[in-house]
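Everything below concerns the one structure shown next.
Letters A, B, C, D and E mark the chains in the order given here, with residues in each chain numbered from 1 onward.
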C-alpha cells in the first residue's frame, strides 16, 4: 500500500490561536480513515490544515510523498485532494447543476464531466430533480447532498469529508455509508472522514483516530477502536 | 467675525514714513476641483505681473520701491475652505489686499471675512450680486456677468444690422451656475429689448455628458440665432453635437468667456467651433504696448495664450499697483491703512494714456463707483476663424483686430 | 454610562476647550477648530445609522442641507430666530427621512441598494432645489447674536458647535447602552434573526434614521453659518460620502474612533490644502486620497482598532 | 383537545416556490405543554413549516393559529412578541456580538431595562450550561455547536410559550445530545413550554417527544406516538430506511 | 406644437435615450463584472474611465489617429493596470466592510483625479476630428453616428460578456468565486487569479467605454464623477451580476434622462434617480436579481 497523506507533528491554528498540537497521522491509498472526537476538538481544523486554510506553525503535510505544506489551497486540489466542508459551502446563487460543474473545474474533457455528472445524479436522484434550482434555496439535506456530489465531481484521489451525515435523514445516512463503501471499493476512492456517527464510521473505516483538545489521544484500526472501553463510554452509547 | 480676546494683531503696519519692504497680496483661487483651470491660470498670471512690477517697474515707487509679493491659497472645493483661506491670509500674513476667488459663493464667504477685518477684496468673480452687499472694501475691475450677456446680444444685433440679416427668434442655452444664469438672463433681457423672440431658454449642468437631447430640441425650434453660455467641456460637446446634427442657425454667439474660443477648446473641438464667438472680460489682441508685452511674456513663460482668467489678473493687479502708488502719494504716513487704501482705489481714474491697467482693459478706462464696480466695464468679442489654415481666435468687436473681419452670418446657413 | 466613559468624555471636553482657549487669538485656527468640531458632530450623528445600525447611509449632506435651508428660510422669510428654527429644521429633515425610510425599509432595500438610494437622494434634492430656488446663493441677513446662533466671535461659535458635538456624543453613548442600541447592533448583524427574537427591525431602523437625520438637520444650520450663504449646492454627494467614510475609518460603531477620524482627516485635509494647495495644486487631495487608501488597507478595523492595539500594548 | 388547550394550529397550509410545492395542505395541532417531534425526509418541508409559522414566509394558502389567534401573515417580530421563539437550521452567525449580548437581546423583548435583560440572559445561559468563559466570546469565534446553544439560549430568553427547534442537535456527539435533551426537558417543565422539535436524530426525537408528526413531500403522512410512527411502513419506506434500534 | 410635432419630439428623445442608455451600459459593464464577481464596491469606476480616456486622448493626439484606434492600443495597457490595481489596492480589502472598500476606492478616485489634474491640467481634452462625427437624418429624426457605434459595440460586448459568464469555465469559476470564495478553492479554482483576471477584464471594458466616449466627448479630471453614480445605479437596478439586466436598466435610465431633459436638463438626474427610487421599492434587489 502506498502512503497517500501524512501529517508529521503538525501544530496549526488560527492567527495566534493554536488548535492542533503535535498531530501526526497518515492515510494509505484505498483506505477509509475516520477522525472522531468531541465538539471543538479540532477535527474541522485538522481537515482545514490538510487543505491549507490555517496557519501551520510547525510540522509538515505530505501528500503523495511531496511536502505540500507551502502550497495554496487550489494547488493542493490540483494534486488530487479535496474536501467537503463543514457547513457545506455550496454556491447559493449558482444552480444545482452549475454547482456540480464548478466541481469539475479542473477537468477540461467535456465528456468526462458529463460522465461524472451522470454518476452523481444516479447517486443523488434528488439533485437531478432540482438541477435548475438555485442552490441557496435547497433544504438543509439537499444542500448536503450537493456538497458531497460536488466533491465527487472533482474526482479526487483523497476526499476529506467533514460531518458528512450532518442533517441528513436516517435513510439517506444509511445509503451514504453504503455509498462510501461502494466508492471506496469500486472506484478506489480514498477518504478521510470526520463523522458524528462514530459507530457507523468506524465500522466502515480501516483505521481511526480520536482527537481531543487538538491532540491525537487514540488511534487504531476501526474494529479495535470500536471495542475500546473508553471510547465506548464516550461515544458509542448508541 | 473677530476673535475672542481683542488682542488680534492689527493687520496694518505701524504708521511711519519708513520705507515699506514689501506688500503681500493674498491670492485665493480654485486650484483643485472643476474650476481649477481658471484658478491656475490666474495664479500663473499673478506671478508674472508681480515679477514685472518688481523687476521692471521697481516696485511701488511711492512706497519707497516696496516689492509686491503674493501668497497663494487654494480655495478648495467649498465656501468653507475659501473662508478658511481668507482667515489664514489675514491671521498669518496680515495681508492688506486679497484677490479672488473666481467663484461667487466662495467670494461671498470670503467677503464677510474681509469686511470684518477691513481687508481690500479685489475680485474676479463676476456675479452681479457681489457688488450689492454694501461692502466697503470691495472692488471689481472686470465686467460683471450680466454685461457679458448684454454684450453678446449687442454684438450680434450690431452685426445683423451691418450685414443686413433679419433676426426674429433666438434660443438661449446656458450652464446652470450662478454665472451662467446671470449672463444668460442679461442676454435674455437684451434680446427682448431688441424685439427678438426667445423661443426657449434651456439650462443644463456644466458636467453634462450628452448634448443630443438638447440639440435635438433646438433643432426642432429652428431659431435664427443661438446665444450660448457654456462652461468649458460642455461648450465643445455642444459644438460637436450641433455639427453632427446639422444644426446651423444664422449665428451662434457665446456669452462669457472660454467655452468656444479658448485655445484648448479649439484643440478639442476642431472645426466644429469655426465662426463661434465668445465675449471676453479681456481682449488679448488689444493693440496697446503693455497688452502686447504681457501677452508675449505670458506666452513665453507658459507657452499658451492668456485667456480671460489671466487677463483679469493683468488689469486687476495693475489696478492694485496703481492704487498702491496712489495711496503712497495720498497717505505717506500710513498708506496701507484699509480706509486709506479704499480712498486710493476710489480716487483712481485710469485711461490708456495714464495707466498700464487701462491699457490692458477692453474699454481702456477704469474708475470705481462707490459700490466698487468699474463704471467703464466692458467686454470684447472673439471669433474662431480659419487663418492660414489654422483655427485661431481673433477679436472682432467692438473694433476688429488688425487685418480681421467678422464673419457673419455663418457661411452656408 | 460607566464612570470611565464619563471620565473620557470629560477629558475630551476639557482638551477641546483648552485648545479652543489656546487658539482663540487666531481667527484662522479658531475657524478651523470650529469646522473640525462641526464635521466631527456630523460624523458622530452618522455613526448612529451607519456605525450602530449598519446601514450604509450616504445622505448625510441631504439632511444637513435640508435642515440648514429650512432654518435659514424660516429666519429670513418669517423672522423665526434660528435658535427656534433649528428644531424645525431638524424635524423637517427627520420627517423627510422617515417618509422615505418607511417604504424603503418596508420593501427591504438594504446594503448597496440602500447606499445608492441614499446617495441618489442627495442628487434628487440637489436637482429639485436647483429647480425651485435657481442657482442663486442666498446670503444670511446681516444680523448677529446668540438668538441667531450666529455670534460675533469664532470662539462663541465654537462653543455652540462644541455643545452640539457633546450632545451627539452623549446621544450615541446613551443609545448604545440602551435597548435601542442592542437592537440596532442586532439588526446590523442579521435582520432576519433579529426579527425572530422580536426586534421590529423596520421600526428600529426608522428610529435610528430619525435620530440621525434630526441631529444632522438641526446642526445643518451651523454649516450655513460658516458658509454665510446657502444654495442648492449644499446638497453635496461628495460631502455625504466623506462623512460616511470618516465613520468607517474610525471603526464602525466606535464613537471615539469616528470622532478621531473626523478630526484627523479634516485637519489633515486643511493642512494639506493650506501648505500644498497653493504650491502644487491637487497634491493635497492626492495625498488625502493616499491616506484614505493606506488607512483603509492597513487598518481596516479603523482607528478604533489602532486605539485598541495601543491600549493592549499599554497594558502589557 | 379543547380549543384553549391548543397552542398551535396549522390549518391547510400550502407553500409553493415556483414549481416546488414545499408544503401541501398541511394541518396539525400542538397542545399546551406538548413536545411534538416533526420528522421527515430532507426537503419534506419541515423548515418551511417553521418559516410559515414564524412569519418568515407567508403561506400561499391556509391559516396559522397561535393560542386561538390567527397569526397568518404577521411579521416575525410580532409573532415573537406573541410568544413563539425558534432556532435556525442554517447557522446565521452574529460575528461581532458576544454570546452574552446576543442572548440579552433576546431577553429585551420582555423588558426595556438592559440590566434586567442581562440578568435573564445570565439565568438562561446558566440553565443551558454554556460555560461562563464562553459568554464574552464573539460570534465569529465560537464553534457550530456553541452557536446552536446560543441560538437556543437567545430563543429561550425571549420568554416564549412555544419553542420551535430546527435540528438543534445536529452535529452534536451522542452524550452532548443527551445533555441537550435534558436541558430542553428541564426548561420545558420549568417554564411550562410547548415545543416542536425537528430532528433527524431519531433517538433525540424519541427521547423528547410523546407524539411525532411525519412530513413527506409537503404532506403529513403519519402521526402518533414515536414507537408507532417508527414502525409505520410508510415512514420506514420514506424516511427511516430501517427500523431504528 | 402640433400633435405630430410633439410625437416626433418625444420619439426623438426616446431614441436619444436608448442610445444614451446603451452607452451607459457599456460604461457600467466593467463595474457590473467587477462588482458581480468580486463583491467590491468600487467608487472609483468613473475615474478609471477618466484615466483611460486620457490614455486614449494621448495616443490619438500623439499619433493623430482616431480614438477608436487608440483605444485598441490602450486596452492592453488597461489590462495590465487592472492587474496592478487589483493586486495592490483591491485584494487587501476584498471581503472587508463595504465602507472600507468605499473609502479605499474613493481614495483611489482622489488620487486618479489629482494625478490627471497635475499631469494633464484641468482643461478638457478631446480629439478634434473623429471619424464618426456626423449625424444621420432619417425622416424627421437624427441619429448620431458615434452613438450608433457605441450602441452597437455595447450590445455586442454585453452579449459576449453574458455568454462568457454563463457558458465558459472561467465565467462559471468567476461566479463561483463570488458566491463562496473559500469553497471555490476546493474546486481547484485559483481565486486570486480569477480576481486578477476579472479586474483586468473589467478594466478592458472600461477602456472600450472610454474609447467610445472620446469619439464624441472630451476628458477632464472630473469626468469620472459624471459616470460613477449613474453606472452604479444601472448595475443596482439590473440586479447584481446580471448582464442582460444591465442592458435593460441602462436603457431605462437613458430614456429617463432624455425625457428629463425635456423638463430641464438641470434636473434630469432627479428624474432618473426618482425612477430608481420607485423601482427599488418594488424590486429592492433590482430587476433581474437572483438573490
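Methods note: contacts are C-beta pairs under 8 Å (C-beta built on N, C-alpha and C of every residue); 3 or more make two chains touch, one makes a residue touch a chain.
Here the structure is a predicted model, which is why all the values come from computation and not from measurement.
**Q** Which chains are in contact with both chain A and chain B?
**A** E
**Q** What are the mutual neighbours of chain C and chain E in this structure?
**A** B
**Q** Considering only mean CA positions as chain centres, point out the chain farthest from chain D.
**A** Computed centres place B farthest from chain D.
**Q** For chain B and chain E, let me know how many angstrom lie between their CA-based centres, rounded off.
**A** 37
**Q** If you average the CA atoms of chain A and of chain C, how many Å lie between those two points?
**A** Each chain reduced to its C-alpha mean, chain A and chain C end up 51 Å apart.
**Q** Determine the centre-to-centre distance between chain B and chain D, using the mean Cα coordinates as centres, and give it in whole Å.
**A** Roughly 76 Å separates the two chain centres.
**Q** Give, as an integer number of Å, the spacing between the C-alpha centres of chain D and chain C.
**A** 43
**Q** Hey, what residues on chain C touch two or more of the other chains?
**A** Residue numbers touching two or more other chains: 130, 238, 281-282, 285.
**Q** In chain A, which residues are in touch with two or more of the other chains?
**A** none
**Q** Provide the list of chain B residues touching at least two other chains, using ranges where the numbers run on.
**A** 32, 36, 40, 176
**Q** Kindly provide every pair of chains that touch.
**A** All touching pairs, sorted by chain label, are A-D, A-E, B-C, B-E, C-D, C-E.
**Q** Touching chain B in the complex: which residues of chain C?
**A** Listed in rising order, the residues of chain C that touch chain B are 24-32, 35, 130, 134-137, 139, 142, 152-157, 223, 226-229, 231, 233, 236, 238-239, 270, 273-274, 277-279, 281-282, 284-285.
**Q** If we count contacts the way the header does, which residues on chain A are in touch with chain E in the complex?
**A** By the definition above, chain A touches chain E via 51, 53, 72-74, 77-78, 82-83, 85, 89-94, 98-99, 101-106, 108, 134, 136, 150-151, 154.
**Q** Show me the residue ranges of chain B that touch chain E in the complex, using the header's touch definition.
**A** Residue list for chain B touching chain E: 32-34, 36-37, 40, 176, 202-205, 207-210, 212-214, 216-217, 219-220, 232-233, 236-237, 240-241, 243-246, 262, 264-265, 267-272.
**Q** Using the touch definition from the top, list the residues of chain A that touch chain D in their complex.
**A** 38-40, 86-87, 126, 133, 137-142, 144-145, 163, 166-175, 196, 198, 234-238
**Q** Which residues, counting only chain E, touch chain C once they are in their complex?
**A** 41, 43, 89, 92-93, 96-104, 106-111, 113-115, 117-118, 225, 229, 232-233, 236, 240, 264, 266-270, 273-274, 276-277, 280-282, 284-286
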